[in-house]
Amino acid sequence: MIIVMKPQAKPDSIQKIVALIEAKGLEAHLSDGKDVTIIGVVGDKSQLLDQNIEIYDGVDKIVPVTESYKLSNKKYHPNPTIVKVGSTFIGGDELVIMSGPCAVENRDQVLETAIAIKKAGVQILRGGAYKPRTSPYSFQGLEEEGLVLMKEAQEVTGLATVCEVTSLDAVEAAVKYVDMLQIGARNMQNFYLLKEVGKTGLPVLLKRGLSATIDEWLNAAEYIIAEGNPNVVLCERGIRTFETATRNTLDLSAIPIIKSKSHLPIIVDPSHATGVRKYVKALSMGAVATGADGLMIESHPNPATALSDGPQSLNFEQLNELCNEIRPLAHLMGKKF
Amino acid sequence: MIIVMKPQAKPDSIQKIVALIEAKGLEAHLSDGKDVTIIGVVGDKSQLLDQNIEIYDGVDKIVPVTESYKLSNKKYHPNPTIVKVGSTFIGGDELVIMSGPCAVENRDQVLETAIAIKKAGVQILRGGAYKPRTSPYSFQGLEEEGLVLMKEAQEVTGLATVCEVTSLDAVEAAVKYVDMLQIGARNMQNFYLLKEVGKTGLPVLLKRGLSATIDEWLNAAEYIIAEGNPNVVLCERGIRTFETATRNTLDLSAIPIIKSKSHLPIIVDPSHATGVRKYVKALSMGAVATGADGLMIESHPNPATALSDGPQSLNFEQLNELCNEIRPLAHLMGKKF
Amino acid sequence: MIIVMKPQAKPDSIQKIVALIEAKGLEAHLSDGKDVTIIGVVGDKSQLLDQNIEIYDGVDKIVPVTESYKLSNKKYHPNPTIVKVGSTFIGGDELVIMSGPCAVENRDQVLETAIAIKKAGVQILRGGAYKPRTSPYSFQGLEEEGLVLMKEAQEVTGLATVCEVTSLDAVEAAVKYVDMLQIGARNMQNFYLLKEVGKTGLPVLLKRGLSATIDEWLNAAEYIIAEGNPNVVLCERGIRTFETATRNTLDLSAIPIIKSKSHLPIIVDPSHATGVRKYVKALSMGAVATGADGLMIESHPNPATALSDGPQSLNFEQLNELCNEIRPLAHLMGKKF
Amino acid sequence: MIIVMKPQAKPDSIQKIVALIEAKGLEAHLSDGKDVTIIGVVGDKSQLLDQNIEIYDGVDKIVPVTESYKLSNKKYHPNPTIVKVGSTFIGGDELVIMSGPCAVENRDQVLETAIAIKKAGVQILRGGAYKPRTSPYSFQGLEEEGLVLMKEAQEVTGLATVCEVTSLDAVEAAVKYVDMLQIGARNMQNFYLLKEVGKTGLPVLLKRGLSATIDEWLNAAEYIIAEGNPNVVLCERGIRTFETATRNTLDLSAIPIIKSKSHLPIIVDPSHATGVRKYVKALSMGAVATGADGLMIESHPNPATALSDGPQSLNFEQLNELCNEIRPLAHLMGKKF
């Protein structure tokens, strides 16, 4: 931690800060510059957590030097994490595609989807049973009934399954039926829920919040891992910006940043990011070439009648075409698919 | 709802859309423009909820005409809502200030605060017992023990109290001790939690999400009111933008917009918005002059040792000074304080 | 300047940085932390301008300690700047309102406006002769003919005048006719133009760019002052965010931040910020109470037929009403109006 | 154009709007909905440009149906534009890479760069002679002297050249020396400058503004084409968002959007977007796979001593490696390189 003093800071004020640091058993290193004095703090700075140094007299600002996340930090865990979901491995040499409808609607829809996407080469079936919707008047999901259908689809096709959870009730139900729990963008900082999915030990797909920085995202992952569950996969799904041509702005630079700061795998969801079906293929290609470990692509037997997010869903012909175009690119990137 | 067709849309495609609309018992009004055809849909458009018209052939875009929120919409409820909290009324002719520490730390801190802020003229005591923190290693709150202390402060001073809730457990505990429940910015779209606080019937302080539009915010309020609980107070607390000189960007234009679109009261939290103590007074003045129904101001007996958000907290002398400056402004705005 | 090394930085890499710093005649202060080493650089760091230290081996990041703007920086010029425009003083104990049409359209419009706004108490007439418009097919302004009309209005009413300039040609014409030059939001980082208005010595109204940070804004002011022209007035006019309920998001926190970092006056333009007439009064009140030195309010004899930005313009009755409501607030804030 | 009336709009107000529309020789189509009336305007709506219908009584909002840009709009010009720069074609079946230093510093630097990048396979040399810099104290470019060096590099290597222009003076100088003019992000809405580069007839590289929407960007292109110069190449270089891990957020979704809305070529500049050298290669790959027509990559003989933007520049070994990795990907995408 570095403490930058104001230009006019009095020696007395500087001395008080130094005394405070030393009283906590830490060392203070002073650099007297032409304009300002800076104080480097050496030692375990958690000792200073109960001090708000920025409001002491003469202090201009505090500059943190180390990240607050440890368990999700590559500096301390240099080897990439590989997360096993069913019989699929995310974060290794395989490109993993998750696909399926935004919301589980009925048995036929789920089974038809599972069979079709498996044929296209997809490894994991997604399908929402608990839907966070902006309006209370939109379809909210089939809840446990939806989970049962996901389980059946898993048994029929052997595909692993992932479902979003939005409450403790949902977590308790989902662990009985699915292979991976998803934390949606709106719940990325629902810390209570993060702890609960952490406790399950199941693989967790952690979507980036609409306005979450990379650092906040890795801190959210930290909540899960701190419960003893290292099986976290990150999912970039667009951030909120001023641009309205797409629903959100897909931030593919998150891929090399995450690869540089963390050991966790990262996949990309171009369907939710753009909200527009015709942009999904181009951005899927872009994500894979940028180094993503996988993709999440919405698909539906009949997007025109999907109860949730139909306009961004591919039909199975389109999904199949996408998988066929992705395949040689995945191979070029050294990934199996 | 208006459906805008593409310039090159075929008569056949247009006919299909019209047929679909009419099949649902609605009317389709066609306007053939120089470049494009637009179709106005007349009738109860919830009939079209299971149709994703934007992916039909020839469709360019869908333009919604009416807002999706009804119960929080001024169009349908023109009279302002006044929310009673303890013996205080928010949204009427009173300016209401909530103050207290970000986090409840111990008995002395809470009681000292309650007594000091009451003297300054504050009507409601705030204090967090369940703290959503970016890092799992930050102080997470005293939980029920904190609620008990809030209750004691309420009994000693007669001040009403407000506490943030972050889970069903927290809701169940809080209803026993406090007068108003707060939904924090990070949980504004935790729809599960919104329903739960809706069911309690207690007044709810609904903070705006960091990246929530006004429409999404009013839809979140709709979730609470739809459970039969009309006692919602909105709280603007800054949105996330590119500017880093403040923690968030306080959006005071939210005040006249909310007053124009909704009947719900709105207060402003300049402490969390700026994250910087020295900007709090100026923006408190600005908020009141813009028409806010109240303020939420962090205060602490000793901000330098506050366990949460100390750098933005006022000490009691500063809070008192702020209240004294606000008073004549409140009167100028026609508000009692 | 502070150089933060990576945790795994080799002693050799650290030594290279130290040697580089010392070779430039500066001092390097090392602090060896538990995790990382930080190097404080003491001396005139402009010596390091031609070195990109962040790409040396082992370097994690560079933290600047002092701002890059000097002439607009309060640290070095603690007394507030007061800018004289005609016979009006901005930045002192007067609240200054600028008003008039977005675009000068014809003689009648300008004269009628000048007379009406003077009666309402406005001190400065605004009117655009060179209009930066998103589309090339929108009205682009009367150019020099418009300036001539502004001059006539100035002579008739005695009001000072301000006009936007968008090119060297416009600057050369405007200096002959108006009292103050305006740099619009889109040209805030048109550094060539900033230098040209700097050279004129005329007062400059510098609008904040749509996506400009406070620091970039003060650096833009620095360009003008560095040409020997200290007469800069800043104008907050909304920044670009995700919110679409207003055209831009008015950032009133810019007022206390500017007052804390700079000695320059700051006024607020709620008309362009919101783009909606009905929100202008509330935010004008908010701006004055937050501490603005003045306001810029669009007005027009007949907003319904204004050639530019009519929907946000007030008619003269509305402007008069706004001035009447502002007056007691200005007095409360200790300002003459 | 669609006019949406308020729920409580009186028949009289509706009638007034209809009369206004018909008085301009246009047709008004009414749809009376359950809640609101909407009015479709049919005919040449430029007739309504001098009317601000949104402020008429009873009007809720105006919804534009057609884009304001025509010449850059794919709807009216379905065939892709191919822009010839020197002997290179952008927008066709070739992947075009522009590379070179942010700023031209001296003869050796430019010639060494030109020779090295040509060897790597790059087709166009970039180099700034007029540098827009945030601070007036940063290096501002060699101006005409820099252009002369670019010309020499062009003659020695045969590479085409591109230089940024920031004023009419710069345009007048640049047309004598270089093959393509660049409009930088900060000048994207410097409409005066857009017209000037339009008049030259030279190919123009139009960078996206930091906070420009896709629509504003295409309107900026419209300014250039409207001067009779169809040779516009768009360049995505990151937009300003809340994320600080990169300098800007590269918006690769701009590629499919531009391909869907316009006929103009689009290239991507990952160097300026990220500001960080180590992220450039991954995002270059991503851009090409998403469908970019080319890349702009900063390179420098010795990034550590570059006078501008060194931290994001590649050295020639890194550039060569990037080109070698891009090559098979370009071929997979059906592009020559």
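We call the chains A, B, C and D, going by the order they appear; numbering starts again at 1 in every chain.
Methods note: a contact is a pair of C-beta atoms (placed from the backbone, for glycine too) under 8 Å apart; a residue touches a chain by one contact, two chains touch by 3 or more.
Worth saying up front: this structure is predicted, and the values here are computed from it rather than measured.
Q: Which chain is most remote from chain A in terms of Cα centres?
A: If we average the C-alpha coordinates per chain, C ends up farthest from chain A.
Q: Quick check: more C-beta contact pairs in B-D or B-C?
A: Between B-D and B-C, the larger count of C-beta pairs in contact belongs to B-C.
Q: With chain centres defined as C-alpha means, what is the inter-centre distance between chain A and chain B in Å?
A: It comes to 26 Å between the two C-alpha centres.
Q: Using mean CA coordinates as chain centres, what's the chain B-chain D distance in Å?
A: Centre separation, chain B to chain D: 38 Å.
Q: Can you work out the whole-Å distance between the CA centroids of chain B and chain C?
A: 31
Q: Listing for chain C: what residues touch at least two other chains?
A: Each of 211, 240-242, 244 in chain C touches at least two other chains.
Q: Inside the complex, what are the residues of chain B that reach chain A?
A: Spelled out, the residues of chain B in touch with chain A are 46, 49-56, 68-69, 132-140, 166-170, 186-187, 189-193, 209-211, 216, 219, 222-223, 226, 240, 277, 303-307, 310-311.
Q: Please name which positions on chain C make contact with chain A in the complex.
A: Against chain A, chain C makes touches at 2, 4, 6-8, 27, 29-36, 38, 40-44, 63, 65-66, 75, 240-242, 244.
Q: Which part of chain B faces chain C closely enough to touch in the complex?
A: Listed in rising order, the residues are 211, 213-215, 239, 241-246, 249-253, 255-257, 259-260, 273-274, 278-279, 282-283, 285-291, 328-329, 332.
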